[in-house]
Amino acid sequence: MQFSAHDIAMLLNGTVEGDASVTVNQLAKIEEAGEGCLSFLSNPKYEQYLYTTNASIVIVNNGQELTGPVKATLIRVENAYSAFTLVLQQYNSFRLNKKGIEEPNFIHPSAKVGADAYIGAFAYIGQDVKIGDNCKIYPNVNIGDNVTLGNNVTLFAGATVYFDCVIGNNVTIHSGAVIGSDGFGFAPNPDGSYSKIPQIGNVILEDDVEVGSNTTIDRATMGSTIIRKGTKIDNLIQIAHNVEIGSNTVIAAQSGISGSTKIGDRVVIGGQVGIAGHLHIANGTQFSAQTGINSSITEEGKVWGGTPYMPYKDYLRAHAKLRKLPELDRKVYELEKLIEELRKGQAAE
Amino acid sequence: MQFSAHDIAMLLNGTVEGDASVTVNQLAKIEEAGEGCLSFLSNPKYEQYLYTTNASIVIVNNGQELTGPVKATLIRVENAYSAFTLVLQQYNSFRLNKKGIEEPNFIHPSAKVGADAYIGAFAYIGQDVKIGDNCKIYPNVNIGDNVTLGNNVTLFAGATVYFDCVIGNNVTIHSGAVIGSDGFGFAPNPDGSYSKIPQIGNVILEDDVEVGSNTTIDRATMGSTIIRKGTKIDNLIQIAHNVEIGSNTVIAAQSGISGSTKIGDRVVIGGQVGIAGHLHIANGTQFSAQTGINSSITEEGKVWGGTPYMPYKDYLRAHAKLRKLPELDRKVYELEKLIEELRKGQAAE
Amino acid sequence: MQFSAHDIAMLLNGTVEGDASVTVNQLAKIEEAGEGCLSFLSNPKYEQYLYTTNASIVIVNNGQELTGPVKATLIRVENAYSAFTLVLQQYNSFRLNKKGIEEPNFIHPSAKVGADAYIGAFAYIGQDVKIGDNCKIYPNVNIGDNVTLGNNVTLFAGATVYFDCVIGNNVTIHSGAVIGSDGFGFAPNPDGSYSKIPQIGNVILEDDVEVGSNTTIDRATMGSTIIRKGTKIDNLIQIAHNVEIGSNTVIAAQSGISGSTKIGDRVVIGGQVGIAGHLHIANGTQFSAQTGINSSITEEGKVWGGTPYMPYKDYLRAHAKLRKLPELDRKVYELEKLIEELRKGQAAE
């Protein structure tokens, strides 16, 4: 894909300064850009790069003054940062704008696929599946029987959705993610073996949810595991059966949430956090990376850290002291000796 | 799938009270059930819901007395809880009772597939593979050359078994799990680079093992990585080369077991636990979530927590004090000052 | 595959002692070997097994003296350990020496595939993909548009490489690994919802990199996430957007590296380690398992442990004391009482 400065200025409602016919095919930061790159300057502290960059085109604010010669073609706009973000989005929608039905695929005769779909080769679409409009089903995706997908859903290559799950509008699921596998439920028998507890529920992902690659979200034992509108889930995360996660919550990579726990809205969960089962986590709670949570949190909007968790500031203070624990131990030992001496001294009087 | 009260009563050897022709197509908890749902009442503390539930059918104990009008059709049985579990299992076996060979698939001419198989589209079955009776190979599953599967094995969509691995009877492997990838073995060279140590062993999963989605179990360097009968492994777990895990052990999500470690029978491992390599863990050991284990455990049946691990009760006590460590530090500082004063006082006498 | 003692002696430039026609089809440790196995004796402490092993063939050093009767055929070589490693490598290259194009596959007409390729059934090779010579693309692999692969690259079943990524020579990617999924970048909106920041960069894996099963490496927001030459990455690891990892670094399973962090050369990272974003980690740094790193490390070659991290020796010492923290707490309490008594005593004088 090649775009000229003229094309980009049209898109951004900007004005060209320099050669309008120069073309770009890549986007890059101004300090790293080479020939053929489009870049931008918004933060004044990067202004020096404007005079040294190899970018072919740079988007700048209307008011940007020049204190030296600039090799690149400039496009002047109201807000260079927003304009560049718009270009990023346009670029991305081009890259991801796949259409059409590739062969071979497996689409069960009873399945319904909406308008403008992309169905990659080796995609599997089971019995009674309903897929909305403008969905992109990449190669080797597995959609089990009776799954429903809303509009504008993207399932990247190799993602799997088990039977009966419900996916809302504008949901993105990355490669290798597994939605709806069995919850980890086994009942112990007297002989030490385990019997499987059937997991007959499903998973519901509401609108605007994004699920990272190789994340696993288990189906409910009965009822639904639910991820509410706008929540964003990173890679390699475990969400167990019957968990409910509120709206606009974000969870960083490799965190795990145990069975039946309810997480509120606007919660922020760092990487490698572990949350035990059957808990309630209040709205707006924040967990720093590697926190371990073993009881419910009812106060909203607090920040926590450590395992087991404590207020984040206490965690920082306690762990700063932890490293000096051997010193403290030694001090106490010395105090014991001093006190023994003092006592002898007093007794001798 | 629709079932009438009459059908269900026949299955459960129960008696219908109310409209025997009413049908259900879902299972739900009595407090959450809507029309078309089958539910049950076993625990007396939920009895209130019997009179308010929207369930179409409720399974109750023979002796259940009614203190008000009930809208739902009742099915009376010896033990409502067991009867409902039976229905759950029946329901699940219906949902999972896929049969037949979907096209296109890849079955090597030398492979042998037993009776009553389900082979999903885009499933790959390599050279000399032997598959027992009543196996379900979902779409996009990969079975490498020379793999053996017992009877009643289910591999969900996108699961992968590398060449030479051996899977017992009644094993279930969920989507995205990888059985038999290379162990992480590299020998350092004098120039700082690494040479791969060939990993020529395999993985053996004995009967009744269940493996969760996106879990990885590496093949042995030589010999076998072994998971013994009845052990249940959750999602996103790492099991390294040459590990051996005993019988009826359960491992919760995101735990990792390093190379050559031997885990006993009936061990219970919480989520996000890490176990170092070349250790022995005694039968019946329990690890709370996020425990880190760096030495062998020879005493059976003990409970451990913390990183590095300690007896669980010590862990709880130590971490309760950890949060107050800054206070303790301050106390010691004040004691030092007090003692200094006392010593001056004594010296002055 | 069957090999005679004669064949193996030819390969190893060794001399046969015993029946040269005996054949083997497996490799095993001398203490575990059964009939049909090839084994070796190098370490004198295993010499006892030479007289009891059921191995059919044992490779021994030229100078190995016999103090009793040996049932197995011996092959005498200069260095038994090196010779056995050579056999391992040969065996492995036989097992992994797949060739040819299986059907059905999807190879975009614009894609270029080099000489001697293996393309498994249901492999997907997108538009403008360039694949070097002697590559092995196992079944159900997904290679997105515009991806470049060097020579001697192996992608095991179900691995996924997103569009625009660049894979060097001699790279191995195990099953379920995902290279190039979107970085986790979202900008908060005033209403609490999040807008996706387009992730338009790519991932570059340099020569000789190995990536374990179900590991995820996210594409850069702009520019590239880079793994440099010779670095080895285990299973279930998360590498976030814009991370750069140096040469000959090794990372054990389930570790996670957050966005934009730069890791040096020859770094050794244990299992379940977490590294925060935007940090620099010096060359030769070592992290023990489960370490949590929240600031940059500039000193080369140091060993660290704990969360937050500290020098490994401090970590061991501090955590040894941690378990005894309740005792220390009690001691301080008792000291406070003693001092109170002493002060009363002094005041009374």
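Per-chain numbering from 1; labels A, B and C assigned in written order.
Here is the rule we go by: a residue touches a chain if its C-beta (ideal position, glycine included) is under 8 Å from a C-beta of that chain, and two chains touch if they have at least 3 such contacts.
For clarity, every value in this text was computed on a predicted model and none was experimentally measured.
Undergrad: Degrees of rotation, nearest 5, to put the Cα trace of chain B on chain C?
TA: 120
Undergrad: Examine where the copies chain A and chain C touch and state whether the two sides share over half of their residue numbers (same) or under half (different).
TA: Different, since under half the interface numbering is common to both chains.
Undergrad: In whole angstrom, what separates the CA-based centres of chain A and chain C?
TA: 25
Undergrad: Listing for chain A: what residues touch at least two other chains?
TA: Touching at least two other chains: 104, 122, 140, 158, 176, 214, 236, 254, 272, 307, 322, 324-325, 328, 332, 335, 339, 342, 346, 349.
Undergrad: For the complex, which residues does chain A have touching chain B?
TA: Answer in residue numbers: 104, 106, 122, 124, 140, 142, 144, 158, 160, 162-164, 176, 178, 181-182, 184, 186, 192-194, 196-200, 214, 216, 218, 222-223, 236, 238, 240, 254, 256, 258, 272, 274, 276, 292, 294, 306-308, 310, 314-315, 317-318, 320-322, 324-325, 328, 331-332, 335, 338-339, 342, 345-346, 349.
Undergrad: Would you pull the chain C residues touching chain B in the complex into a rising list?
TA: 27-29, 32, 85, 88-89, 91-92, 95, 102, 104, 120-122, 138-140, 156-158, 172, 174-176, 208, 210, 212-214, 230, 232, 234-236, 247-248, 250, 252-254, 265-266, 271-272, 289-290, 307, 319, 322-326, 328-329, 332, 335-336, 339, 342-343, 346, 349
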